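Going in written order, the chains are labelled A, B, C, D and E, and every chain counts its residues from 1.
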Amino acid sequence: GRAPVEGARTPAAGNAARIVSLSPALTRTVCMLGGQGAVVGRTPWCEAPDAVIVGTLEDRNLEAIAALHPTLILRQSSTEDPALETVAATSGASVHTWHFDRVEDVRAGLAPLAKLLAAGGIPGAEAAARDLLERHQRAIAAPVRTTLPVLFLFSVDPPMAFGAGTYVDDLWRTMGGANAISKAGYPTLTAEDVIRLAPAAVVVIGRGALPSWIGSASPVQVQVDAPDLLEPSARMLVDGPASLHRVDESIASARSGG
Amino acid sequence: MMQRRPMIGLALMAVASCIAVAARLLVVRTLDGSLVVGWPGPTLGQFRVDAVLVACSAGAALGASGAILQTLLRNPLASPFVLGVTSGAGAGVAFASLAASIAGMAAPTGAALGAPALAGALLALGCVLLLSRRHGALDPITLILGGVIVGAIASAGSTVAEALLPPERRGLLTGWLFGRIPEVPDMGSLAACAAAALGLTGLGAAWGNRLDGAALSDDEARSIGIALGPMRTAMFIGCGVATAATVALCGPIAFVGLLAPHCARALVGARNRILVPAAAVAGAGLLTAADALRQWIDIGGGRLPLGAVTAVFGGVAFLVLLRRTAAGWMA
Amino acid sequence: MSALRFQSPIIARGAFMFAPGEVAPSAGRVTVLIGPNGGGKTTALRAAAGMLAPEQGAILLDGAPVHTMPAAQRAARMALVAQRPEVGAPFSVRDVVALGRVLRPASPERIAHALARSGLTQLADRPFHALSGGQQQRVAVARAFAQHEPGGVLLLDEAFAAVDPPEAAALVREIRAEAAAGATVLAATHDLSVASALADDVWCIAGGRSTAFGAARELLTRAALPSLLGVAVAEAHGSRGTIAVADYGGILPEAPR
Amino acid sequence: MSALRFQSPIIARGAFMFAPGEVAPSAGRVTVLIGPNGGGKTTALRAAAGMLAPEQGAILLDGAPVHTMPAAQRAARMALVAQRPEVGAPFSVRDVVALGRVLRPASPERIAHALARSGLTQLADRPFHALSGGQQQRVAVARAFAQHEPGGVLLLDEAFAAVDPPEAAALVREIRAEAAAGATVLAATHDLSVASALADDVWCIAGGRSTAFGAARELLTRAALPSLLGVAVAEAHGSRGTIAVADYGGILPEAPR
Amino acid sequence: MMQRRPMIGLALMAVASCIAVAARLLVVRTLDGSLVVGWPGPTLGQFRVDAVLVACSAGAALGASGAILQTLLRNPLASPFVLGVTSGAGAGVAFASLAASIAGMAAPTGAALGAPALAGALLALGCVLLLSRRHGALDPITLILGGVIVGAIASAGSTVAEALLPPERRGLLTGWLFGRIPEVPDMGSLAACAAAALGLTGLGAAWGNRLDGAALSDDEARSIGIALGPMRTAMFIGCGVATAATVALCGPIAFVGLLAPHCARALVGARNRILVPAAAVAGAGLLTAADALRQWIDIGGGRLPLGAVTAVFGGVAFLVLLRRTAAGWMA
């Protein structure tokens, strides 16, 4: 017995999936698997304009979610959310939680997600997933030319880096590169730290003006506007390596040019 | 300004709070943007009821604590926050998250956060009380400074723990540190917080005259029979425990404990017998109203954070009262 | 009737040492404390009220040390008017006076009576902070009246200093009536005309020590006072006895001063 | 010599209306303010010090309204001792007294002299808050002495209320000396013995209105005072003139009271 | 407790601050964990010199502001934060970031944040001053409450703006809101902050006696010649501008403005002529020491946030002084 809910949309016919995603990365992956039409609820940062905003992972609007009558609720977290399970139960939805830390996590999550989408009336999802994985494998198979340690920053003021065990570190090292940071996680550095590291190149992922001191850290500085490297989605698997190759090209040409 | 009719002020506030409760229970903004009035059925209705219970318990506990602390510390800036308890609870949760992360366990959520929050809060309270014993008695100035400092150190501790957490766990902690009204609360925490709110409000009302007496100089307060030292200690512990219960339930909720007593004072005057219950009602109403408002306002990015709505709504209410009554802290 | 007894208490406050020896103000009598500024009158009254813990000796109320007595129990038998009353909240006069009975039943009549005795009936609903200095001081006295039970102890620290003469006259009458009803009254003052009207006994404290304790008739005289206080004293003959008065100078008839 | 003049100022403070009419305390003389509690003495002194803005009329210092005068300029010609001195920081006595010269050069000798005149030389380095009530009041007077320049205005609001008799005698001498040197002194007091010693003129204020203004010789008498103050008055004959004293009662020889 | 030898206290603090400066200039711990002592040559040396200049200017401005505000507001909890200026600057930056994001422009960083920070700070200060005019004069209690409320509303504004920002821009803002000591500061902002620090400290010292006078009751303060209203307004504006300059340079740095004056007071006493410079020295030393400590501590997650180090270091220092001198706010 489903409770009558004010303002509810008519439930979709049959077993068609109605997806609420509480993770921008998962939303992106779902879209890449062909499920963009099925996403009905999202966070403010998800790129799925037809879906309504139902909050964030930490502050999800349970009533809004219930009103959407979802069949699938997708989360990216290392914890469960019992309240969300309660809501899901009222509309017969299931809650699925992934935990993406490393590249392998993202890869491993792809097939189960595709299977869920396929069961929800998106038949091409599993094939799309296989295709994505293949493209990923191809993309990372080509080695990079830069083997000297490179520093990847996602913020410059203060400098914050991709450290060991992050997905950028995973990709880059799989492709034969070396990360200047051996610490795990996303350490905050000082400008002096960066200069003392003396990496072969400083790569700044993102937009915005670079501070002048970066020049003292390394003769080679590369700035890439690569959103694919800023979220652990399928796009990171496929386009991330390409972005890193572009970075590698820039480094190589700068080094040979300089 | 002297308040001649405190009961009218209290009744006004009670009515306003009931309106806030009704609004939270019955009005939501639907996905297509229109406000809809009505009861959503048992399941969703339960969410609303629980959210209201949480907001009322937490708001009342914070409001009553703030009123008592402002009286006892003789400082209009006093609030549960200055006891260091809020930050202590935050640090407790942050370190519990860190410990879980290091031990490779799942990040604690919901009810599992209650225990570390409580532990952190009580530890901080203990430190503050120890620090502010002077010649055997609690000294208000030392207490207020000690509370702020212990709170600062505890906040620093949370920041450090936060910095050490892996990023995917960090969001959860940050979310918690913002404060929220859980729609599916841990019932034990809710019961504890409600009991603390009722108990503290009752104590404040019952001891209202003694609290009034604390407005006199120390000598005069003692001479009329108030055991100032024990009363201060008991009240601080009571406020600390109530705040800890609130933080365990909702995370740290700012401003309610500071603003609600001032709003109440502007309406019912300074006699604690009525001020403490009024501040509890004001806190409950304020938090419920903020939680209701948050369901209705959509500026394009989903619901606003609770703390932001509370600060704006409570802040504006307070400024209006401050201007209107031309009464402030004193005279 | 309560018996208050200073049993050689010793209280150090910074460089100042309060050591008055054995003194026992009598119940049913008004003992007036006189002495130089900083002599220790306030210290004596605060100690009597249990606010200061003696390092040696004790101050006893009916045989029990006052400073370890539970505050409520002490308050039931002893009321204090502090030298400088403070009210840190926007209370009305009536609110402040009612605080005198914060722990015990307070009938509105009782509060009204206390207000009337201090001449505050008209001012009862005014905010305390809108009163003049002398009116505020009378509020503190009214609070003590509300608190005081017959046979208890009244400690008055310069309770007359800011009070106008007619109200002072009324307060003198009220306080003497309390003493007549069995109260032990200890009142500090610098005003010899108040002391003359109020005192049965006089206790002079200087440098923390008792320099004299005795009947007013013997100590409040032109002969005794100058050596006790270091000031010239004149005497006036009032309608109800001799009044000692400090001789700071006076009005000379006609001749330019 | 400064001329202070109340030119029918009207100042409303809640229900209270201060409207004393035209009054001009003379320079070179001490005018003592007497009157009931809440009569308006403090209001008069605060208004004279420029703290209250009259709604009508004005209070003029050498022809200029005091309350619009720049604070520094006013302070150079007028010093106030408030009824209730407050010091909100842990300063020493000397620090507080030196504040009297906060805007003008203050030689250590000048501060020392001001301290000596109030009998505070021994206490100069003590923390203000460790002093007794009367000592604190004398610090406020010393600050006014430090601030005061010959020929200026001294406004004293019950500056003697907590001061012991010998120090009061000394202060009376100092203040009369200032008046003799040209100061305009306005001093409120309830103590008729102080008034007798201090006053050249008497200004009586009740209910916000002047009820009398005249020579002390005429007003501080057994004949005039009872109707002004509503209290019986006796007279003592001191070594330097007649002293008026409020007759609250006195000491009866031998017979039990 | 009375302080007999304030100059000795001031000298002690100056020496401690110099040690902090030397430590920051000469000692670092590299990322591989070894402590390195010595001058690193011109490039890195310039970073360190600039960081020290920033920390000293900002710390001095905050310390001096805090001391002046605690005196003028007669409240030991007063700090530049209670003026609402810090939060106002934060809101300015948050809205500037949001505007840039909506306009599709690059996120403002570094020097580009100075202008919105300053604008937000001055706007908040203006609101607070307007709110606390009572009968033409600034009332300390209203000012303190008004400042807290305006600050709360401004913080709420930042939270909202933050919530509306896309996540990749949010990190930048959050980083800024934590406060930091830039090693390559915008020279204009640095000059402004240094000038504000020097000016405010000089003003506080020069007007030290008048500030002392503000400890008297309002009547007495006026009667000794202090134009209380204009002085309060001037000093609040001075403190507000100095704080704004600091926030524009470093972001909001908590606790220094609260702790440094208390540390200074415990060592040199309450006379503002020495207290204000001492608080400036204490603030400079505290912030430099915290920044130095940050370079040495490595608990695995990179450098700790400045605010955390400041709170722990300053908090512990204050607690020690509080215990040691047995002196507090008063007497």
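Keep this in mind: a residue touches a chain if its C-beta (ideal position, glycine included) is under 8 Å from a C-beta of that chain, and two chains touch if they have at least 3 such contacts.
Since the model is a prediction, treat every value here as computed from it, not as a measurement.
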* Structure fact -> Chains adjacent to subunit C and to subunit D under the stated definition are none
* To do: Treat touching chains as neighbours and tell me the shortest step distance from subunit D to subunit E.
  => 1
* Maximum centroid distance from subunit E, chain identifier (CA atoms) -> C
* Relative to subunit D, which chain has the most distant C-alpha mean position? -> A
* To do: For subunit C and subunit E, let me know how many angstrom lie between their CA-based centres, rounded off.
  => 50
* **Whole-Å gap separating subunit A and subunit C, where each centre is the average of the chain's CA atoms** => 80
* **Chain centre separation (subunit A, subunit E; CA means) in Å** => 39
* **Approximate Å spacing (C-alpha centroids) for the pair subunit B, subunit C** => 45
* **Residues of subunit B whose C-beta touches two or more other chains** => 163, 178, 300-302, 305, 330
* Residues of subunit C touching 2+ other chains? -> 84, 130
* Structure fact -> Shared-interface residues of subunit A (touching two or more other chains) are 44, 185-186, 188
* All pairs of touching chains, please: list them by chain label. => A-B, A-E, B-C, B-E, C-D, D-E
* Report the residues of subunit C in contact with subunit B in the complex, numbered from low to high. => 46, 49-51, 70-76, 78-80, 82, 84-92, 95, 98-100, 102-103, 125-127, 129-130, 140, 143, 147, 155
* **Residues on subunit B engaged by subunit A in the complex (per definition of touch)** => 28, 30-32, 34, 36, 38, 40-44, 47-48, 106-110, 163, 166-169, 171-172, 174-176, 178, 180, 182-184, 295, 298, 300-303, 305
* Name, in rising order, each residue of subunit E that touches subunit D in their complex. => 1-2, 71, 74, 209-210, 212-213, 215-217, 219-220, 222-228, 269-271, 327, 330-331
* Asked: So in the complex, which bits of subunit A are touching subunit B?
  -> 3-7, 9, 43-44, 52-59, 61-64, 66-68, 76-83, 86-87, 90, 99-101, 185-186, 188
* **Touch list for subunit C against partner subunit D, complex** => 13-14, 35-39, 42, 83-84, 123, 130-135, 138, 158, 161-169, 172, 176, 190-194, 196-200, 216-217, 220, 229-232, 234-254, 257
